[in-house]
Amino acid sequence: MTKLEFWQGNTACAEGALAAGCRFFGCYPITPSTEVAEHMAVKLPKKNGIFIQMEDEIASMAAIIGASWTGMRAMTATSGPGFSLMMENIGFAAMTETPCVIVNIQRGGPSTGQPTMAAQGDMMQCRFGSHGDYSVIALCPASVQEMYELTARAFDLADQYRVPVFLMADEIIGHMRERITIPDKVAQTPRRELEKGVLPFQPDAQLIPGFATFGKGYGVHVTGLTHDEQGYPCTTNPKVHAALVQRLVDKIENARTAIADYDVVNPDAEQVFVAYGAPVRTVRQVLHDNPRANIGLLQLRTVWPFPEHALTIFKHAKVFLVPELNLGQIAREIDRHVKVPVVSLPKLGGDLHTPSDLVAALEAHK
Amino acid sequence: MTKLEFWQGNTACAEGALAAGCRFFGCYPITPSTEVAEHMAVKLPKKNGIFIQMEDEIASMAAIIGASWTGMRAMTATSGPGFSLMMENIGFAAMTETPCVIVNIQRGGPSTGQPTMAAQGDMMQCRFGSHGDYSVIALCPASVQEMYELTARAFDLADQYRVPVFLMADEIIGHMRERITIPDKVAQTPRRELEKGVLPFQPDAQLIPGFATFGKGYGVHVTGLTHDEQGYPCTTNPKVHAALVQRLVDKIENARTAIADYDVVNPDAEQVFVAYGAPVRTVRQVLHDNPRANIGLLQLRTVWPFPEHALTIFKHAKVFLVPELNLGQIAREIDRHVKVPVVSLPKLGGDLHTPSDLVAALEAHK
Amino acid sequence: MRHEIRFSGFGGQGIILSAVILGRAAVMYDNKHAVQTQVYGPEARGGASMSAVIIDEEPIFFPKVTMPDIYVIMSQEGFEKYGAGAPEDAVMVLDSSLVHSRPKCTCYEIPATREAKQVLGRDIVANIVMLGALVRVTGIVSEAALEKAILDSVPKGTEALNIKAMKKGIELAATAGSKP
Amino acid sequence: MRHEIRFSGFGGQGIILSAVILGRAAVMYDNKHAVQTQVYGPEARGGASMSAVIIDEEPIFFPKVTMPDIYVIMSQEGFEKYGAGAPEDAVMVLDSSLVHSRPKCTCYEIPATREAKQVLGRDIVANIVMLGALVRVTGIVSEAALEKAILDSVPKGTEALNIKAMKKGIELAATAGSKP
Amino acid sequence: MKLAIDETRCKGCNLCTKVCPYKIFKEGNKPNRKGIVVPELDRPERCANCRLQHLYGRTLCGVCQLTCPDQAIHWVEEQPYEPKKVAIEY
Amino acid sequence: MKLAIDETRCKGCNLCTKVCPYKIFKEGNKPNRKGIVVPELDRPERCANCRLQHLYGRTLCGVCQLTCPDQAIHWVEEQPYEPKKVAIEY
Amino acid sequence: MTFEDWFRTDRLPHIYCAGCGNGTIINCTLAAIDQMSWKKEETVFISGIGCSSRAPGYIVTDSLHTTHGRALAFATGVKMANPALNVVIFTGDGDLAAIGGNHFIHACRRNIDLTVVCMNNQIYGMTGGQGSPTTPKGCLSTTTPYGCSEPPFDLCELAIAAGANYVARWTSYHVKELEKAVRAGLETPGFSFIEAMTQCPTNFGRRNKFKQVADQVDYLKTHGVLRAKRERMIEQGEKIPEDLFVIGELMRRNRPAMGVKP
Amino acid sequence: MTFEDWFRTDRLPHIYCAGCGNGTIINCTLAAIDQMSWKKEETVFISGIGCSSRAPGYIVTDSLHTTHGRALAFATGVKMANPALNVVIFTGDGDLAAIGGNHFIHACRRNIDLTVVCMNNQIYGMTGGQGSPTTPKGCLSTTTPYGCSEPPFDLCELAIAAGANYVARWTSYHVKELEKAVRAGLETPGFSFIEAMTQCPTNFGRRNKFKQVADQVDYLKTHGVLRAKRERMIEQGEKIPEDLFVIGELMRRNRPAMGVKP
């Protein structure tokens, strides 16, 4: 049994989290993400969960990491300026392999920029915004339905890979209301608990250690310093550091195909759009209005780790067209993986590409 | 007349700043950058400058931006965790076109990582770490001498382009002491003051507006919101935003060649190292020990905007070898600009590549 | 078929709620697709507020309104900013008690605010009067669907008042006739 | 020719200052090139501290010490961690009042701490005694250069004491002879 | 001096109607183009400031002006300036 | 019970020599391998805790142990346990 | 010159909602400044982010509208770099006391010669009415839908404990007193903190049973009690209702200050 | 069980310098905890970054060594998510009062059921001796080479103004009193703040004329004055030397608290 709803994207995000068992939400309000928090504030207390508005985004990020170590599924939601403030603690989550979900409803940057307008300008920041080398997972919804589904999936990925997972949405998807079908129940794959006797940071075959929940008697030490498999600081041994950081990166990058989530339309097309988030909507409109088989679409729901193998599906591609609400951040990445031209179609200022913008681009790059 | 000294890299950085007329230093201590601050604390008061230790790195970054608007040359110095905290206000500096210099003595990340060991893991963060699209300038010294010279140049670039300029050094260069020759005087090109009657954010031909120093009667409004040429907020007009952000990016990216600073050794070589910061030292050792003409070096002193044109100097290059103290952050960038293979030679943990590491790489990629 | 409906008025009139109710009626009770959007931002505070709904039998891809074919206008400033450019083949329902301009397109003059205040005793339900009128003249959703969506959305205790308002709108529209 | 000198001892002995003085002597007064580095980190706190200098007539590229040819060792733990592996062709100057092990390489035994305490009255200058001895046996910098570098680096008021310590080191080295 | 409300600024909050000791501001009743109901003035010549500003050479009372959150209350010079005799009601 | 300093932990700060009411700890004079001068014990059997711990079933005084920043001060069980008679100096 | 001459009239009307008290607080502040015979070109207004923090954008001097919570850190840079400038900060309860709390206490501690006017509407106005660290217990906001359960800060007490030289609290009703308090703050070397309780009809009043703007102003009028009076009440054993708050000058001292005009 | 059973003995000796007071404070804290009959598996230690913040790494329970200044924000997450856990925070003057000041006052305000032990050595130890917000005026540090000119915080006053239920100050000399104060803090529902003045011989003592570790401990012993005594001195019109600081229990109250064990 499913249920029909007419929800805002941000509501769907909150509901997806609740359905996935999220019971701790720490936040600091910021447009255009605030509705996620407001919905959680209403709903969590009814489910015996914790909603807490922290003093800032640094504290929000800290609080969800703390909550996660007690075994809770924990989330925060923010937008650009708050996201920038979270960077240090995001690195801490990566280093300590703390499962958590961070929602970024992207708005126009840099700086305070355009608080109420859509953008996708934080895609590279999401990948590289904290200091040092690390890897993360980022998902991009293109509909209210996907807001729900990807938020729910984010928790599974976070628990499975023990990594911060980002829902990189945008103001358009976050603020619009549309039809959504709610499943009865969302399947949850809980995090793997540490086996007694195994060291708390000793990886399994997938390079992921079992989770030593606080309060269960593991006596685990969790530190953002470089640490050994016991969890103890070990900060001047180059080998320990190199091995740790390489593992943190490899556990994600090696799982690229398993994490990947994308949609392929017209795999034989010669002109292929690659898109994620709101711009997908325009591309689909163009495909709908121009039912020619030679226009393809690769919709990325996972953007990081970048599912480069999906590009090879388009064997006849002569050009990849990448409409983004930024100056070509993911076009940059695509460029690294393909030989044919990659055309970045940037759009700044908050408006979506119109269908005719994209049709013009198709014409120009025939 | 020049002067010989035996200085630590961090001392040279501070002295370079002082020589360039830096009279405001706001900071929060962090290893391995602290010596920059400590030297400034001793020297600035003697020069009627302001040294202020702020409550955190967010405040340090804020304070130097504030000081810069009074017309001062202002700087801060930090390392990874502090750098991550500065990201929001760095975006503010970019958006408001505030000249300032940020020194990052890179250490092992992510998170607290290896506080006393060298790394170059923040190179992508420096470019993409704040939300939204923007551009910056980043310089990388490979010697104590360059610590002095590039820090001094950073101020000129910051003033000329009205942008935050980063000195992206590393623990090795910051902490080692070596021979340095101090010039009598460092030439300074001051920032261009706004002409009366011109709007405070109206760009010149180089896309850069004149500077409306506080206290001079301009009555300028400075905001991190999207603003018009008057400086007034204008946050829902897509055109104004797109034009502003595009200009902020173009003023830097269009000046790529003017900003570029690099060194070319053996331009006819077939195997070419591209390096910046400490790894340059190993490459030069290898060149010195193996005086064959077929090994080349491109030393980047400017890393952002990336001087891609310099790569084309190596017409016979069959492979670019990129030793970095990270997992290939700049190799990634080089890859976007050349057709021949780019071999990333990452090294994590704090040790420099040894000459034999690089010789082995030369062998492996013949 | 895709219909794009634009609502405009000033803050406090319930312009956004109107759009949400309409979208909800379409999705939940007429089994259609709908996308609702609105203007955010401080600029929207003082002046005219705007909200829009797209309704279609098929899934909706491009979610932004570009060429509305239906307008609901509840203030003079809203008319000037968001209604004046309506093409001739559009349909406009306007609150004739507040808007003195008239468009080139087919237009239904509904004195919603006045009626709400004088007849229903609460001008706050003027937007529901307008919704009733809108549905009556365009049939964009069924009246039954609209009624259910209204009941879903209004504060407890005000159901009867709001349904009365909707009915009043339907009634006014029936007699308003279209101009020009 | 490139020389790599490694200093080790425990915290408070002035191991790092020794290296800085030596490098300074080479650069400022012998017109050579030098690079000084050291071990940072909390691990260096309790145990053995280490510092190194590379000295060369030519510019120095690779700045890290890999194979020191000269050792200055001032504690037993320092010997074990940083001195025990010295190759046979290296030269070691060790504080025989604190270190009881002996290396395989040529070794000069200087009872620096004892002499500093007993003869000079301040064990804090043991490192300068060692520097004097080092320069005497290796000639890595000139004695004149060392003297000037010491004067540049020590606290005001302690100049005479430190020069006395340096001279003491030179003297001790002259008589120490080398073993094996 | 004449008391005036700038219709382009007033947002109709009616705070002026609460603070004036002379109750010079009265709630209006017709919305303007923006839907704003601007207050009306009831014998503004009673205002202390209108009467005495010129005499004292500075703003007197001025509570309404300080309070008006929208900078909508001003005094304008009357041409020609004619001091009016008014009956003050306490 | 016997008072003991753990040489692998003691860093020679000599705080114990200041806090013991019985002055049981005395500054040492020979550096150990790490260059640390560990204090010496002067008739440790005088320690209140050595004498009475077993009697009261809990740590008494213990100021030296609480103070020792390096967790170097312990009491070890003597085998066999022989309560000693000691003369206390006040 | 009157306070009106300090406005950027080309930007009026401002974006504040009808009945928002922020405009009143700006008036009172500018009226105080107008008495200082400061030159416009020597005066700088600085703020963070929030409705309240939009104030500098409407004032004709140099102005710096910074990031959320950081106004005082920016101001520290400006004032230390050029102590000849008069620096006034507008902030809100969220900007100052939530995200900006650390800069607040440190600026107080350093006792930097700044004047801070905090428009405390007990809510996050700009983002649509979330609870703030000054939202009273039990009050409704979008993030306290069941009534605020966290205790609020007393900002003035914090400022005093942290070291500020001048501290006062008034409300948007007490326009003349507020003007005088700001003036006293401007005149006091060192850090001056003036808390102005004010109404946010849109996001606080509406949710908390203030039907009219005037009702909320009336609440501020009737619930502010002078310190002396409050002490008298305590002395006389009267029970002090929980919703009273102290108004008046709460601290004036002369600790050494930083960044004072030479 | 004694307090020694709470150490991760495999990690001793710790990294602290000889004579560093941190070890003493840890002892006293663990001794207090040992009296609480708390289970190890129900107890969590949390800290930020600094020498002091390394403490949890030496304790055998679950422990979270976080980012600089943020310990209380992490602790808020842990405690609110699982109030059954006993959560104790170790922090330093820099960690708590410089970068972490905002989380400090907010945790006090929320009155979350946490116990915070701050090792106040009036310096940044870990990074080599820079001035901190508690460095006394005139003291030397690497960033105050001409003597500290900024006024210091009184952390206890701040905690009280911000809302903490229990506040006390002792020193590394007063081991028994400190132990008791920590115990009282652990027992008090709501936020407990125990400031332990302590010596950093390496980075504070050495630069500020304390030749021996014991000299500095002696200073702490002789310059701490009980509140009652201080008040008596004031009453009797005695001048209180500037370098005296108040010790003892400074606040104990029972305001409503968050995250209390059910």
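A, B, C, D, E, F, G and H label the chains in the order they appear, each numbered from 1.
Rule of thumb we're sticking to: a contact is a pair of C-beta atoms (placed from the backbone, for glycine too) under 8 Å apart; a residue touches a chain by one contact, two chains touch by 3 or more.
Small disclaimer: the values here were computed from a predicted structure and weren't measured.
Note on connectivity: the fewest chain-to-chain touch steps from chain A to chain E number 2.
Top-ranked chain pair, ordered by C-beta pairs in contact, is A-B. Each chain gets a centre from the mean of its Cα atoms; for chain A and chain B, those two points are 29 Å apart. Centre-to-centre separation between chain D and chain E, using Cα means, comes to 86 Å. Taking each chain's centre as the average of its CA atoms, chain G and chain H sit 32 Å apart. A separation of 37 Å divides the Cα centre of chain B from that of chain D. Residue positions of chain C with contacts to 2 or more other chains are 41-43, 46.
Shown for chain G are the residues in touch with two or more other chains, namely 13, 17, 54, 67, 99, 101-102, 106, 126, 133. Under the contact definition stated at the top, the residues of chain F that touch 2 or more other chains are 11.
On the side of chain B, the complex with chain G involves touching residues 24, 26, 50, 52, 54-56, 58-59, 62-72, 74, 88-89, 92, 212, 214-225, 232-233.
Residues of chain H touching chain G in their complex: 99-102, 105-106, 109-111, 133, 149-154, 157-158, 160-163, 255-256, 258.
In the complex of the two chains, the chain H residues touching chain F come out as 2-4, 7, 12-14, 16-24, 27-28, 31, 172, 175-176, 179, 201, 212-214, 217-218. Within the complex, the chain G residues that touch chain B are 8, 11, 40-42, 44, 46, 54, 56-57, 60-67, 70, 73-82, 84-85, 102-103, 106. On the chain E side of its complex with chain C, the touching residues are 11, 31, 33-35.
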